[in-house]
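To start, the structure itself, in structure tokens.
Chain IDs A, B, C, D, E, F and G follow the sequence of writing; residue 1 opens each chain.
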Amino acid sequence: MIGLEEQVTTYILYAIPIYMIAFSLYIVRALKGPTIPDIVLAIDALTYDLAAFLVILSIFFRSPILIATAIVLALWVYSLDIYVAKYLEARELGE
Amino acid sequence: MRTTKENLVIAISMALFVLLLSLVLAVGGLGYILPPPQVRLIASWYLRVTFNPFERLFSAMAPEGVTSIVWDFRGLDTLFETTVFYLAIIGSIAIARGVIGGHKEVDEKKLGLSLIVKSVTRISLGMILAVAASIALHGHLTPGGGFQGGASAAVAPLILLVVFSRYFIEKHGITKNTMLILRSIGLFGIGMTAFIVVIIALASGAPAFVFQNQPKTIAPTGMPFEIGGALTGGTLWFFNVFEMVAVAAGFTIIFLLLAIPEEEYKKILRLGGGEHE
Amino acid sequence: MDAKWLGKWAGVSILVFITYIIFSGSISGYDLLTGAIVAVIVGGLVANFVITEPRKLLEVGRLGWLIVYAIYYFFAAEVRAHLDVMKRILHPRMPINPAIVRIPYRVETDYAMTLIANSITNTPGTVVVDLDPEKKIFYVHWIDAKTLEAEKARKHVSESFEYYAKRIFD
Amino acid sequence: MDVVTQLLGIIVPLLALAAFVIPLLSLYIKKKGFFDVYVTGFSTLALLISFFTALKVINTGKPLLYAYGGWPPPLGISYEIDSFNAVLGVLTAGIMWFIVLYSVWYSSHMDSYVWYYTLLLGLETGLLGCLYTGDAFNLFVMIEVLSISAYGLVAYYRNKPQAIEAAIKYGMIGAVATTLYFLALVFIYASFGTLNMADISLKAHQLPFFNLISNDIYGHIMAASAVALALALWAFTFKSALFPNHFWLPDAHPEAPTPVSAALSGLVVNVGVYAIIRFMYTIFGKASIVGTIGFRDVVLWALLILGIVSGLVGALLMIVQSDVKRLLAYSTISHIGLIYMGASIGLSSVSQESMSLGLTAALFHIINHSVGKALLFMATGILIWAAGTRDLDKMSGIGRLYPAASLAILLGFFQLMGLPPFGGFFSKLLLYQALISAGLIIPAVMVILISAISILGYIKAMYALIFLPPGSEMTKKPGTGLASAVVLVLGVTCIILGILAPFYIIPWLNNVVSTSLTYQGVLNYINVFREALLKLMPG
Amino acid sequence: MGFDYILVIIGEVLIAIGIFCDLVASIGMLRFPNFYVRLHAATLGTIGGAVVPLIGAALVAAGSDFLGTYRWFMAGGAVITAILVLMLAPAGSHALARAAHRSGAAKVFPKIADHLEEDRGGMK
Amino acid sequence: MIELETYFFTILVLSMFVNLGLALYGVLARPSLVKKIIALTILSDTANTFAIIVGYARWPSPTLPIKPPVLTNLNPSQVDILVFSQQAVDPLPQALVLTAIVIGLAVTLFLVFLTLQAYRLYGTTDVRKISKLRG
Amino acid sequence: MSPETLILGILGFLGLVSVIATFLAIMERDLLRAVLFSAIQSTVYAFIYYLLMAPDIVLVYIPVAVGLYPAIVLFLIKKTERYEGESGENH
């Protein structure tokens, strides 16, 4: 019977490559994306998944304090969405 | 005008040049072994000194290494970093001086993004500010601090500005002048916190240093590092709180200035005035 | 400083306080104290933005419905939709049948409407592209449009969400 | 800790704090007089403190160190003032004081003085901080404080397209320059493991001192020093507008409000020179590892040649200018070239005496140029304001209407030309002597050539401004009393600098240089650092 | 085999679901033909790929005492992040979709009907 | 024989150098002021990344990860502090980068305002056209 | 492959990705796309900082580079012109 710490970290160790594959696919779409909304959408999905991945990685690193980064990432990517949307819709961003 | 192909050639040759340079320098300058097996000696000093109850006269008494460097060991840097940000905003205001923007009577319902986004923004507002405050107020314990908290708090006015409109937020009291007052108060607080130990020590006639936090061997005055068993890191807590206010207000000023419609600026430009050679 | 504003303030403050405490992850004296101060200040700042009818906060039934809804949503609606979209992605021929259809809604408040819209968007397979608050219509991009008629589409997409949203927010 | 040291630690943050509250005050106090007194008061305070600091440093002959936060130097930031930067500090604070006084007159014609005063205080903070700091990274931050206020002030007349364009050019390349300096610091930290200038110097000179806090060096120290020096020098030569990096100066300096032009041309460029001297003499001195393998010689030769080119380019282009402020800006480039020629004399083949002679000449020329250039910008500022144009042809003879300002302009031009009883003459003479005694004959001849060429430009400006008969449509505008007084006092200073030079000032400056920039001075600098380190460590 | 262990196992299962959703969503992002269809893949990525593993990570953190006292900070942070993502992500993709449709930045090409286009009439 | 770790890390360092070159090219050679600003942000970000890279160190052991410079134990013994000082990365470059990021942000903000003003005065953000208009 | 090697491998991979993103951001003529590419580059950098154990930097960098830079540049190109090298629709 292996210890809890070892079990959890081994589990995450095998999860990391899969996440990296998913990220590379997102990045391909983000760099390729024929239209502007495509790029933003890919960044969006990438970043929300990255936030989840950062939380999981902070368990892997045994450093719980790394978690605060995830929420900031999620918040600011939302605002990126919002102002790209506003850019496409409005005449001036302040209106 | 250059063609894209030529640009590409220039870029690639430049990149190659830098790459070759880097090969020499990266290995030589950054140390032969990458990454080094141990941190530098000075770093291990910082790490040992940042929170060390056994050396009360030589410790910043905050477990967060970066925050204690930022506001205690190298507080002067951070004060002037804040000054740079402040002066940039002052310069921007100076460019936009005299531009008021006007409280036009507009139909707010028509402006901004869709109703769904507006509702979501309204609900999440409180949560965003709570998270930002938590990041700032735990800056001496966990990663984060004044700037981080302030930057996160600045999301709130920013998305209000974008999702609703600048008329909406100015009606609710977020105007350039209130933000400027808030910012000045925050900066004044930072400045006073830098001097507070000196001022306290002046009363008792003891020597003290600017930006001093904890007592030192030759300067016995200091701020209490805990209140009622909760760590506050002495001056770090005050720095973080004031910095958060200042940064959030500063970002808001920037976006308010950027959101003023071009017609207003053009009006001022046409009027001119005030300049002399 | 009327009673309504105080109600809004209290409601937002509680929300902020809970968020602060959960995010801090501790209930030490320091966190409770700073949390309370932050909650009072932030509540005062944003009360007018967040809540319009503070009395609804006091009705416990609404909270109960919210929990029931959350359980239904996560364990039934989401699972079904996820499996469906995954199947479409992994299927070699990628069977998609996309259309933007009208879906009417019948709730009154903004928050109820937002809850429905977010629920629709959050289930893979349907995304609210636009809405018309006057005609009370969502325009939903549907990956597999089974029907183009508004009322039938509503049965497929949003009827169950609406059932709960009415009870939670209206 | 005595009062002077304590005040020294307080003054620069206090200036920043003073700038912080101006917007708050401006919302409640609408009187201009209050802000005049406020800014003048703080700059007077800065002048007094810098003066007493310099007095103490020069009297005791020992650098002064203020450790912020009570941390021993490599852990915390410290201000370290040896006699060299003490003198520059007094010069800066003094000229800034005159500029602020002049601004009281000048800003009464502006549409908004609040932001102007805030940025001016920021400029003074940055200047003093750059000069006083003993920490390489703090120097970066202070350079940014200085630069951002300078960008803001250059763009202050926002409706003038040239001003905005000049500010963009200045700001964009300036940002690249400071980023490269940051990169230099990364390399320095990576290999020296410290950011304190004295500590880096200690390690670069390979002195046998066990430094408890940062004793080790990492990686290839030569490679790191070479890269760091290359990047840092690029940044500093940009800030001081040496020849290939001078392109922004003729645009930026004239477009700023006149007192700011005076500060930019008279003081801001000095910071770059100061930083280079600090790097090339204190940190990577002749006896350091960089000096022993000849890399330092290459750099100094490059600076010498660039200095000559810069002097020639400035002097030649000055002649063709018809815009008086632009003419003065090119004159700045020319004088910066001369200063660099003096500052790059520390080649390994040059004897100690010649080196200190050359540095004395550079320091004295910095002083003379700063006083003269500030005076000229401010005095011509009065005439420009009166004429409403900067074009020399249209301004012809305007000086007749303002005798006080004209007298000051004459004094200033004589100072820059290097006529015998003025300070400029003695510094150029000293520079010539130093170069001759160092065996650098061609550069010495170049000093004379540059002076001779630049005289043409000065005479042209002088003739147009003062000796031509005034046009009939010109009338005298009243209310220039304060400004005239300021420029006259500066003019008298020029004469005093000249008269006292051979008997008092040059020996004194020579003493300053030999206690700070020679090997012995560097050892002093490091010793103070070591004492502070041992004193502030517990146990 | 305590209560902690059960929490960790549940968390790990949720993380596994999240990883799978994420991978499938990223494939979908690549395969789907246009922006509006990709929106659904993105939803799969944010709800299945982010919210679910965030909850799972919170459970794992709550059950792993090797993380020290700060594990509650971690669990709380993960939960708040999950809630915020749950609220903000749909609003973001809705805003984006609406903007794309209104500005015509992305064409609704493979489609069987576009009622929004019809209702808006000639208006762009 | 180069270790695999060093190999990967060198790739990171080299790609940062490439970014540096690209960003420098962008600032100095691209005509649009907006593009120059974007390149400037990339330039300063890359310089910052170098600082962070300098502060990194190898893991204490291949399975025990290196820690951020935050002491998570609020009642440490002297041994805890010593262990922490051997297991955490260098905090100083991080503090420097914090400062540098804010400074870069400030400069960029001001340049944005200047660019806007230049557009109002010249009607273009293309430096070639601006210098032509200036004559 | 030890966990350390894996993490360093990811770092190398991210470095390469950031080069691609930077290249596209610098070379793209549509400034809106360039901004978005620089946002990708910023996200990648943020991830690099995270893996290099600098959470404070991530917390500062994300608001600044993912949030603020794109925002101000979007404000800027909305008020000026969207394409580099030729005048936009305003002229």
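Couple of notes before you dig in:
Simple rule for what comes next: contacts are C-beta pairs under 8 Å (C-beta built on N, C-alpha and C of every residue); 3 or more make two chains touch, one makes a residue touch a chain.
This one's a predicted model, so the numbers in the text were calculated from it and none came from an experiment.
Graph distance from chain B to chain C, where chains that touch are one step apart, equals 1. Distance between Cα centroids is largest for the pairing of chain A with D. Between chain A and chain C the centroid-to-centroid distance comes to 22 Å (mean Cα coordinates, whole Å).
One finds 29 Å separating the Cα centroids of chain E and chain F. Here the spacing of chain D and chain E, counted between their Cα centres, is 57 Å. Of all residues in chain A, those touching 2 or more other chains are 9, 36, 40, 60-66, 68-69, 71-72, 75-79, 82-87, 89, 92-93, listed in ascending order.
Those residues of chain D in touch with two or more other chains are numbered 137, 141, 144, 148, 151-152, 155, 158-159, 190.
Within chain G, the positions touching two or more other chains are listed as 3, 23, 26, 53, 55-56, 58-60, 63-64, 67-68, 71-72, 75-76, 79, 85.
Here chain A touches chain E in the complex through residues 4-5, 7-8, 11-12, 15, 18-19, 21-23, 25-26, 28-29, 35-38, 40-42, 44-45, 48-49, 51-53, 55-56, 58-59, 62, 64-65, 67-68, 70-71, 74-75, 77-78, 81-82, 84-89, going by the rule given at the top.
Those residues of chain C that touch chain E in the complex are listed here as 19, 21-26, 78, 82, 85-86, 88-90, 94, 96-102, 117-118, 121-130, 132, 137, 139, 141, 143, 145, 148. Residues of chain E touching chain B in their complex: 70, 73, 80, 83-84, 87-88, 90-91, 94-95, 98.
Listing the residues of chain F that touch chain B in their complex gives 5-6, 9-10, 13-14, 17-18, 20-22, 24-25, 29, 53-58, 68-74, 76, 78, 81-82, 84-86, 88-92, 94-96, 98-99, 102-103, 105-107, 109-110, 112-114, 116-117, 120-121, 128. Contact residues on chain E toward chain C in their complex (touch as defined above): 21, 24-25, 27-28, 31-33, 36-37, 39-41, 43-44, 47-48, 69-77, 79-80, 86-87, 89-91, 93-94, 97-98, 101-102, 108, 110-117, 119.
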